[in-house]
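Labels for the chains are A, B and C, by order of writing; each one numbers its residues from 1.
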Amino acid sequence: MAARAEPRWRHAHLLDVDLLDRDELETVIERAEAHERDPAASRGALRDRRLATLFYEPSTRTRLSFELAARALGAVVVDLPVAASSVTKGESLIDTVRTLGALGIEFLVIRHPRSGAPWLAARHFPGHVINAGDGRHAHPTQALADLLTLRHRLPRPIQGARVTIVGDVLHSRVARSDIWALTTMGASVTLCGPAVWLSGFDAWADAMPGDRRLAITTDLAAALRGADAVMALRVQRERLAGVTSLSESAYVAGYGLTAERMRVARPGALVMHPGPMNEGVEIMPDVAAGPASVITDQVANGSLVRSAVLALLAETDTRG
Amino acid sequence: MAARAEPRWRHAHLLDVDLLDRDELETVIERAEAHERDPAASRGALRDRRLATLFYEPSTRTRLSFELAARALGAVVVDLPVAASSVTKGESLIDTVRTLGALGIEFLVIRHPRSGAPWLAARHFPGHVINAGDGRHAHPTQALADLLTLRHRLPRPIQGARVTIVGDVLHSRVARSDIWALTTMGASVTLCGPAVWLSGFDAWADAMPGDRRLAITTDLAAALRGADAVMALRVQRERLAGVTSLSESAYVAGYGLTAERMRVARPGALVMHPGPMNEGVEIMPDVAAGPASVITDQVANGSLVRSAVLALLAETDTRG
Amino acid sequence: MAARAEPRWRHAHLLDVDLLDRDELETVIERAEAHERDPAASRGALRDRRLATLFYEPSTRTRLSFELAARALGAVVVDLPVAASSVTKGESLIDTVRTLGALGIEFLVIRHPRSGAPWLAARHFPGHVINAGDGRHAHPTQALADLLTLRHRLPRPIQGARVTIVGDVLHSRVARSDIWALTTMGASVTLCGPAVWLSGFDAWADAMPGDRRLAITTDLAAALRGADAVMALRVQRERLAGVTSLSESAYVAGYGLTAERMRVARPGALVMHPGPMNEGVEIMPDVAAGPASVITDQVANGSLVRSAVLALLAETDTRG
């Protein structure tokens, strides 16, 4: 029963998945599933409460996903379009979040190019802060969406499953959050990409507690062999341009996910991508749209886990 | 009775007026009139359903008109400000509309600088697509608003009325959609402007079925003579700059709508403009604000026809 | 009783505080206090009525404050992001506000870099216009928020209190509106800053009616001595750059509000700032966050006075 797990949630903010233990991850997932079964049950969870989205980086899907999730729970949602706001007058993040608090905003969903910015916001904002992505550091609700997707679509439990993440791991907050969430749930994670984009991760793998399984390789065939799920990360062209040893065509030739290459994975291995995709670069269109693709599920599940997180945070206000 | 005409509506999308026959045009108009008489009756037509506006070109009036129409029907409306969105990361239109579908968006109102983009969107979006203007091609709800305005304000039926469209017809999606809608309803349409902006339209006029009446002329006095309604199109300064033979002052001298020139039209001939206006260029301020001007009606009627279209599309979901 | 004062409100627009007499200022303040005590009582004051925010300058707090206030009263709020709108096509303000009226917008909240623009809007808009800041000229709701803040937090009545305003008075609409509102209420106002930023204000002070008290000085210690409240104005770096005699460090050295300097004010003298702050320039962080700071109150009170103004304007529609 979901109800039993829920007292496990004791956080005022959602800043990172590495702060959540396995019971807490399951609490979110179960709440998301309950919400999917019966959306009407949580319709008033944030009734008339004010939520602001404050995105210092452009985003379509994440911002919108939070907005729709919050409105479906009854919240009043406002967006602060950063480019057009007082931020251009040099207003500091601290001043901004204090102002939002004074305006009665109780939930703040923040994305920021600097790692750690949501922690700074949480110290000065009087309500709940949800990290919607900070620098290269964390993107916790994406990782929660990926857990929910795997739970629904894998033919086996996440514990013990093999998940391969391919691409620019170095710059990816999605990868970092997925590594934490997946290894916490007992999955075995393999990171794969050009060496320059794996830099530093072997040290991380070595330092991981013994019960977490994280492997690193530049060999795509090895990384895909036997995988239960394969996630391609977005390749940002401007980052390719910064690597003299790597061109877009070299990346496609070496690491683009093709149907041919997927053949060494388990039959029916899931295909994932956090979006937005560069089809034809990190993933071929036929793979992205193939029967094993769960990319659209990831988007839909993003909404569900965001609803779950918001409702859980709201409940902490009234718990003794 | 409007109720009798309505089974005529069988479209999942509104992509162009040239896909609507006369009965269907009248169905929209009658629904809009019903909505004007009793807005409360359709208040729940889109209750809690999600509509996104996705405008790849700047717009005030059209986007806002759709948003207000949809919210008055009970919809949850979100806007994707394209400049600030993932589109700047190179996300494709197909990926964007699939994502919107996965987020539970059921109605997509799209404006795009490339002609045909709404058709592409409709192939990949799981809900209803409404074209809010694509390239030079079509702007169906503007044409519907113009039909409603003429129906309310002309002292005679649209069938047989003479409507003159003046200006940069070449680049105008409004003109193209109005030509279709007006000739379908039996009006006689005359296009007038500098030759360079009429290029290709004589071929269109020649190819029209015999029961449609479309005339082309560079002679403004001839075009205005006996007109029941005159629509000035917006002159975009950057397009004037591209025509060596044409300066702004030459345009004003040759084609600007003045009270003096309007005298050869029928007494009380309606003055129309799709907005936004360059007053003093394509239309003089006294004409724009004069008693025969229905420019403000066009805006108000835009809201009514958009409500009607959204309600009709919503009904197709539940019809057998 | 607030109820007794309210028939004093007879304005269709809120364009400037200098149009409000003392009774009218008190009417707004009392309505704001009533709204604070019982927000539910005014929940339907703007039920389903349409309000647009039209900001030709970037803003976070003011726009959002209006939006939240209006939504809490039941209004349907839309924002016209000017940068992304038809304004970039050269649409005139007059055309824009007429269009908004035709779309059923009844309340228009406007910010514009040109002084006087809200008056122009009011002449052509069919509903209520609220000035949210025009050029250097006026920012009436900020002044109303400041009055409410002083009323709540001063240990004495506003009448007879000494309020000092420090900084770039020359370019500040906040200062101009505060001068009017405070002297109308009987406070004694002192303006202080570098001479170049006080230019012209001595003429204003001389021309003031005898019962209004406005003093001007470049001597900060003199200005602070005995003050009941001290307001620091935002210093805009680009304006410092335009003054050859003044660097940022010279400004901080001469006029930055430090705890040390505040010692000559009355014990517990209130610290105010209209935001957004440049902490470390016009105000030191320990002063801004100190126990006498009411900066956060100003933000919260901004919402309350905006609710009050909107409700009062709405009531004029039904009064005989």
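The rule is simple: contacts are C-beta pairs under 8 Å (C-beta built on N, C-alpha and C of every residue); 3 or more make two chains touch, one makes a residue touch a chain.
As the structure is a prediction and not an experimental result, all values here were calculated from the model.
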item: Count of contact steps on the shortest path from chain A to chain C; value: 1
item: Angle, in degrees to the nearest 5, of the Cα rotation that carries chain B onto chain C; value: 120
item: Residue-number overlap at the chain A/chain B interface, same or different (half cut); value: different
item: Computed distance of Cα centres, chain B from chain A, in Å; value: 41
item: Two or more partner chains touched - positions in chain A; value: 81
item: For the chain A and chain B complex, residues of the former touching the latter; value: 58-61, 64-65, 67-68, 71, 81, 83, 236-237, 275-279, 296-297, 299-300, 303
item: Chain A residues touching chain C - in the complex, by the definition given at the top; value: 50, 52, 76, 78, 80-81, 84-92, 95-96, 98-104
